[in-house]
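Here's the structure we're looking at; comments come further down.
First chain written, first letter: the chains are A, B and C, and each begins at residue 1.
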Amino acid sequence: MASTLKGEKTIPTRHAYGETLVELGKLNDRVVVFEADISKSTQTYRFAEAFPDRFFNVGVAEQNMMAMAAGAAICGKIAFVSTYAVFGSMRACEQMRTSVAYPKLNVNIAVSHAGLTAYDDGVTHQAIEDLGIVRSIPNMTVVQPCDAPSTRKAVMAAAKIDGPVYLRLTRIGMPILYDAGPDFEIGKAIRLRRGNDVTIVAIGDMVFQALDAAEQLAIEGIGVDLLDMHTIKPLDQEALLESVMRTGAVVTAEDHNVVGGLGSAVAETLGEHRPTPMTRIGLQDTFAESGAYDDLLRHYGMDARHIIEAARKVMGRKK
Amino acid sequence: MLREKEHDIEKLHEIARQLRIDSLRMIHRAGGGHPGGSLSAADLVTALYFHEMNLCPQEPDWPDRDRFIMSKGHGCPVLYAALARLGYFDRSHLETLRKFGSILQGHPDMRKTPGLDSTSGSLGQGLSVGLGMALMGLRDQKPYRVFVMLGCGELDEGQIWEAAMSGAKFRVANLTAIVDYNRLQLDGTNDQVMPLEPLDDKWRSFGWNALRIDGHDMRAILDALHRAAAHDQGPTVIIAKTIKGKGVSFMEDQLNWHGVAPSTEQLEIALAELDP
Amino acid sequence: MNREGAEVTTVAGAESSDIVRNLTRWTRLLRYDTLRMISNADSGHPGGCMSMAEILTCLYFEVMRVDPRRPDWADRDRFILSKGHGAPILYAALARKGFFPVEELKSLRKIGSFLHGHPDISAPGVDMTTGCLGQGLSAGVGMALAGRHDRRDYRVFVVIGCGEMNEGQLWEGAASASHFHLDQITVVLDYNKLQFDGAVDEVCAPGDVRGRWQSLGWNVLEIDGHDIPQILGSLRQANECRGKPTIIIAHTIKGKGVDFMENAFLWHSLMDNGLLTKYVERMQHELNSDPDRFYAQCLW
């Protein structure tokens, strides 16, 4: 059973992305990368060094970058677009919708600084709306892997999908969870713990908070069914419904506004197929602020302690 | 100056006239669409599709074909008319413009219409898409050229200037932008809404080769396209002064013909002018 | 306006030596404050702060009409730091001007602080939330239009970075300011010629910067952005220009004043806090032992 490895080395998932791009570039010469002047941050500089003739830095011009990638994809390329999540999902939103998603092109939008992982850069760089925005665009696949190994697999898988993939990455380091772990498949949730008392569905960096919470709840004798829902679209409804049929209560955990993201996606499925008491952990429809990542999670009610409280409460609402 | 044979020029004039007639018929039948911008671009589209571009209608996906992007996507009727005439699809489809189930959408959809190289209609994006295509052509050492038709109102979009800057950086000599400069946008003239001049200076300051021509003078259009091809230092923009609604007296230079379909009576008058 | 015919405008300063001496002092202090803040926060963007130290000093300590006791005064001149990652030096200027206690500078990027990583309008004296490049000028156009509508005579100052000129929105804003003849807008371009990924010329050819602004109908001035008399002279000329907005192309050096930071684009962000902290300690020692006791009183 996987568990958080406190004190172990952590790796930002953007680093895993940057490294994997190079591997991908070696395997397939159709892979091209577009960048908007933050290659050292998004880690695409590694690809730029390895394949300078397939790397295009367009400067601070995200809208242009998104549509250029569409042009490249139309010419048969597998395009990766890198920027921060705020800019990829919002500044270039309409270009992503109209020039990329509508014609269903193989443009992979890999964005760093998901949610509060942008921590002290402040609100301008903390994307807390992107999952909701991107999820509502037809033809999109939306993924946030929690650690470096699953990010590697997600990048490889995204290149193979003949359509746009939004890949959400972290600024800060994440522990290694799936070192020799289960097969990662886009669209298939990973069960990290099996239990019959409450389901916790988590995505991205919040998987680690959920793991902590589940371990502490286990000490109290509460069995948590924990799902790493790394793909928010298409959502693994089968795994979700199977789990809540056994537990009858759900907590969702996301580094995102509770409006529009994982909590909303889960609520949509449960509302239609199996109404279940649930609580959404995430930013409660508020902007955050600058600060250390751990302090922000605590302050905005998103750390393991809050997940534990939410789990206890939601269990009390079971029918 | 070019030494195009006089009868070639005459032939192109005749095709442009036919494309104008087709465009108006299509828009009339659809009960909606943008006649003004289709008519202003008719001579430019004709010069590209029936003279300049290297195409293979039997094989729409031929990798070495020249590409065309109608970035001012609302001008698509004249493009559809050109594609039908070249045999990309049967002419009978022209009657289905904007109808449910049609291969001819209100704005270009590359997944539905054979011969279309991109999906467009949201102003400001086409030059970036064309730049991506041109860049791939250079990288893959393909011989194709990329042409992007821009509207003048579209130049208000900042993304155009992002693409302009990138085009200069990447020295995409295989990219030609053509501005259908009819000086009218939805809310008024360019000068009223957002002035563009000095437009050639502006493009040059972004590092482009800029040419100014009369966009209804076929000889001048062909000449400019040749000069763009000969310029190997970077991208070229052809600023083509045009008249919105060109060819139909009551539509010429009229703002209110931007996005309205002609009635049956109006169509008859227009066709009589175009086909005396 | 014809590019070829345009003269290169050099701005000679005619400032009294007292004013210049005074501003030089504040500049030195703002550099200290800024580096100390970034070292303290262990995060931030020092290079682009250092390059605009003289510019911000001239604006806040000589040119702009502001009143720290009334941060919301309706007639105050507005300032927008469009290159929002330069926030620390703006905070230093605001604190030294008296908008909030200097003590607050210790809280940069900490939870609960109003000194966010990028400027937030909730901080006293900050007129606009920024940090997403390319948006500041558009906001400035809105402020200037509102001022004209309300018959207020305040001016709007916007500082932009050179990498920011890649953003198309900047050119949307530039066209609008010119179209509406907003002569109360002055943009200062902190032209340090380095952006995050390298030299401006390598990342995205800026082309003919002067010609581009002129083709959009702007009054263009060009100065050495570390020369206080030139900065003051150009800001004054901008104030006097009628009928069109002014851009001051200020040639600067990224990391100016700190030997290991100058022109080192890796110092766009904090590279090595050990090195920076040592530098700040040394700077503190120098300021403390400076015969001008002004500095010793200001240290923190």
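Quick note on the criterion: a contact is a pair of C-beta atoms (placed from the backbone, for glycine too) under 8 Å apart; a residue touches a chain by one contact, two chains touch by 3 or more.
Predicted model, so just to flag it, every value in this text is computed and none were measured.
On a Cα centroid basis, the chain most remote from subunit C in this structure is B. Between B-C and A-C, more C-beta contact pairs join the chains of A-C.
Rounded to a whole number, the gap between the C-alpha centres of subunit A and subunit B is 41 angstrom. If you average the Cα atoms of subunit B and of subunit C, the two centres end up 43 Å apart. Separation between the centroids of subunit A and subunit C, computed from CA atoms only, is 36 Å.
For subunit B, residues that reach two or more other chains under the stated contact definition are 124, 158-159, 162, 165-166, 169. Shown for subunit A are the residues in touch with two or more other chains, namely 58-59, 61, 63-64.
Those residues of subunit C in touch with two or more other chains are numbered 134, 166-168, 204.
Chain contact summary for the complex, subunit C toward subunit A: residues 41, 43, 84, 108-113, 115-118, 120, 129-134, 163-164, 166-168, 195-197, 203-204. Across the complex, subunit B is touched by residues 32, 53-54, 56, 58-59, 61, 63-77, 79, 94-95, 98-99, 102-104 of subunit A. For subunit B in complex with subunit A, the residues that touch the partner chain are 63, 109-111, 117-119, 121-122, 124-126, 128-137, 139-140, 158-159, 162-163, 165-166, 169-170. Remark: subunit C residues 1-3, 134, 165-172, 175-176, 178-179, 204-209, 211-212, 214-217 touch subunit B in the complex. Of all the residues in subunit A, the ones that touch subunit C in their complex are 35-41, 45, 57-61, 63-64, 86-87, 91, 120-125, 289-292, 295-296, 299.
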